[in-house]
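Chain nomenclature is as follows: A, B and C, assigned in order of appearance, with residue numbering initiated at 1 for each chain independently.
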Amino acid sequence: MQPSLFLTPMRQAAPLVHNITNYVAMNVMANVLLAAGASPAMVHAREEASEFAGIASALTINIGTLSPEWVTAMLQAADAARGAGKPWVFDPVAAGATAYRRKESQLLLEKRPAIIRGNASEILVLAGEAGAGKGVDAADSVAAAQDAAQALAQSHGCVVIATGQIDFVTDGARTAAVRNGHEMMPRVTALGCALTGIVGAFAAVAKDPFEASVAALAYYGVAGELAGRSSRGPGSFAVAFLDALMAVDGATLDANAKIDLR
Amino acid sequence: MQPSLFLTPMRQAAPLVHNITNYVAMNVMANVLLAAGASPAMVHAREEASEFAGIASALTINIGTLSPEWVTAMLQAADAARGAGKPWVFDPVAAGATAYRRKESQLLLEKRPAIIRGNASEILVLAGEAGAGKGVDAADSVAAAQDAAQALAQSHGCVVIATGQIDFVTDGARTAAVRNGHEMMPRVTALGCALTGIVGAFAAVAKDPFEASVAALAYYGVAGELAGRSSRGPGSFAVAFLDALMAVDGATLDANAKIDLR
Amino acid sequence: MQPSLFLTPMRQAAPLVHNITNYVAMNVMANVLLAAGASPAMVHAREEASEFAGIASALTINIGTLSPEWVTAMLQAADAARGAGKPWVFDPVAAGATAYRRKESQLLLEKRPAIIRGNASEILVLAGEAGAGKGVDAADSVAAAQDAAQALAQSHGCVVIATGQIDFVTDGARTAAVRNGHEMMPRVTALGCALTGIVGAFAAVAKDPFEASVAALAYYGVAGELAGRSSRGPGSFAVAFLDALMAVDGATLDANAKIDLR
């Protein structure tokens, strides 16, 4: 597949992506979406979140710094997005860390996301298996989470993305591995959270959320590889990564994407 | 006019600027104010916002990620600033996007800001006209918002700034166009929000909020132009912009400012 | 003393540091901790903060943008950390600015932090003396706060750190001055807040919180000096600082640390 066939229409449409995300990620996510060519908005109040979800082209929900009032807005916004036929993407940050997260994650899962993106530990928890993660970092390998991802995709009728050194994507039937990326990416906070926004932007303008997800992962990873060439640490990597998200064009993306469809 | 006559006293005074702003902008705004030479503080709790507004030299209020408790604090802080004779600057982010924003924007407008700074779509909405903006980005041109800005300035006795490729400023009687800036500025999130802080800092130490606003816009735009020379994308632009805000001195500002007073 | 004897085990353990901090600092603090080699997590909801404090290896609490619900979670998390024998570090941002801050700071102080880190004005306020600080910046010199720091350390059985051009550390009996750092550090927002996270990471893996604090300060200051060599302003300094936090190794740290133990 040619990921540029998803990047180019995304940039042409510049979709409005509504994000209810954590405090750590908000700024990074907005900058990542702007650099990629989308239009981000962060709206979380119960008084307007569902109305705004109807206006936007996609919704992403991230529980990194959740609290009861925000969860209420998340649930309402997810309903509104689904009701309006807009894809919503679920990012279950540290879903297994506390009883509260385990409970609220399940409530959000019931709202039928189009796509779930997490690290291996988070996907294992969502699928009902005991992961090893204690904090926000993955303690399990993506390979260990593949069966859980597939089961989760089948039981909930959604695409599941488990990101790590090699990213894994499945819609229950099809699977893909994406081998792009750079070792510095986990050393910059919220780049995983921001990826969820990019997945939302790609899904906003594509018919097939599985292919949109694969293309988004390849694009993000190729930008990471480009950034890695000119950086000396996590600070300069983060800067070069935003530059690269804007600089990567369709031809560069297709030439460097490492996608194994199965 | 010489904008350095406003930049130099601002740096000498290093005014404490109290900001109740959105989660996306907080860090950027603080860094922008520090780089410019002001002293930022973010204080939003109802238990202290109005007390703090009395201590600070200026207040800015931004509804980017509003919620009921924050709006209560915003209204109280605006009252306190006004009562203490300190200028407060209103940034009506995405004022027209939802019913909730339209309503709360009007409540804040009634608190008589000294200055309003928004993009064209936001100014149109505040003035009671139907803008085309759906998200946080302007869908209307500044030219289309000039009459609305002037009407708003006259009806509310304040300065109105509509920013875009060319910035427009009016106090109802006088008008100015500021033609500084760089095309990368809208590609970095919250630079508009952070500009509101700079306007607050300039207004804190000036007698005339109209002239202070014009000088602040020129300063911000000249720093953007300087940053644009050494950047390769939105990541490196954001970094160079903070460096430029500190590096721009009075002589550089006056030599590069493009201000049309009418 | 050799600060590398604290840096190396911290990096080997990569301790999970739980931070309840302010909105401005969250992203910076996470990046600073990741660059240094620790594992940060931001968790603030009352529904999970105390459970998470039991899981993490250290807790830091910062009142920069406090509100009643967050303070409840802070108090519960501090109890949980103490109960689990984990060190918690208190960062009393602008403790003297408002009546609300003065009151809540005292409540947190009663929860017996292992370490307190503030600027001189904040330490003076905590110790019950009238500091000159009005906002978040220190208006008092570290020298003026040394007696207050020592009294506070003795009365509360904790380590007290007053940071400034020269950092001062005391556990009531021992004292140390750390003369590392760079003049650009106060021009980047939240670098002081993020330092509190580094102190937590060092304290998580050390037996002696006094020595851990001294080592953390030297490490942070040496990274600042390294960053200062390649930066042109606060934007490029912030980027180079994250790179330097990762690049500084034990030998570099020991060779450049300027520690006076008394």
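The rule we apply is simple: a contact is a pair of C-beta atoms (placed from the backbone, for glycine too) under 8 Å apart; a residue touches a chain by one contact, two chains touch by 3 or more.
Because the structure is a prediction, the values reported are computed rather than measured.
**Q** Note whether the interface between subunit B and subunit C is symmetric in residue numbering, meaning over half of all numbers used appear on both sides, and answer same or different.
**A** Comparing the two copies, subunit B and subunit C contact each other through largely different residue numbers, since under half are shared.
**Q** Could you report, rounded to a multiple of 5°, the rotation needed to superpose subunit A's C-alpha atoms on subunit B?
**A** So the angle, rounded to a multiple of 5, is 120 degrees.
**Q** How many angstrom lie between the centres of subunit B and subunit C, each centre taken as the mean Cα position?
**A** A distance of 32 Å separates the two centres.
**Q** For subunit A, what residues touch not just one other chain but two or more?
**A** In subunit A, residues 23, 27, 238-239 touch at least two other chains, as defined above.
**Q** Could you pull out which subunit B residues touch subunit C in their complex?
**A** Residues of subunit B touching subunit C: 16, 23, 26-27, 30-31, 34-35, 39-45, 47-48, 51-52, 55-56, 69, 238-247.
**Q** Tell me, which parts of subunit B touch subunit A in their complex?
**A** For this pair, the touching residues of subunit B are 22-25, 27-28, 64-68, 94, 97-101, 134-137, 186-190, 231-236, 238-239.
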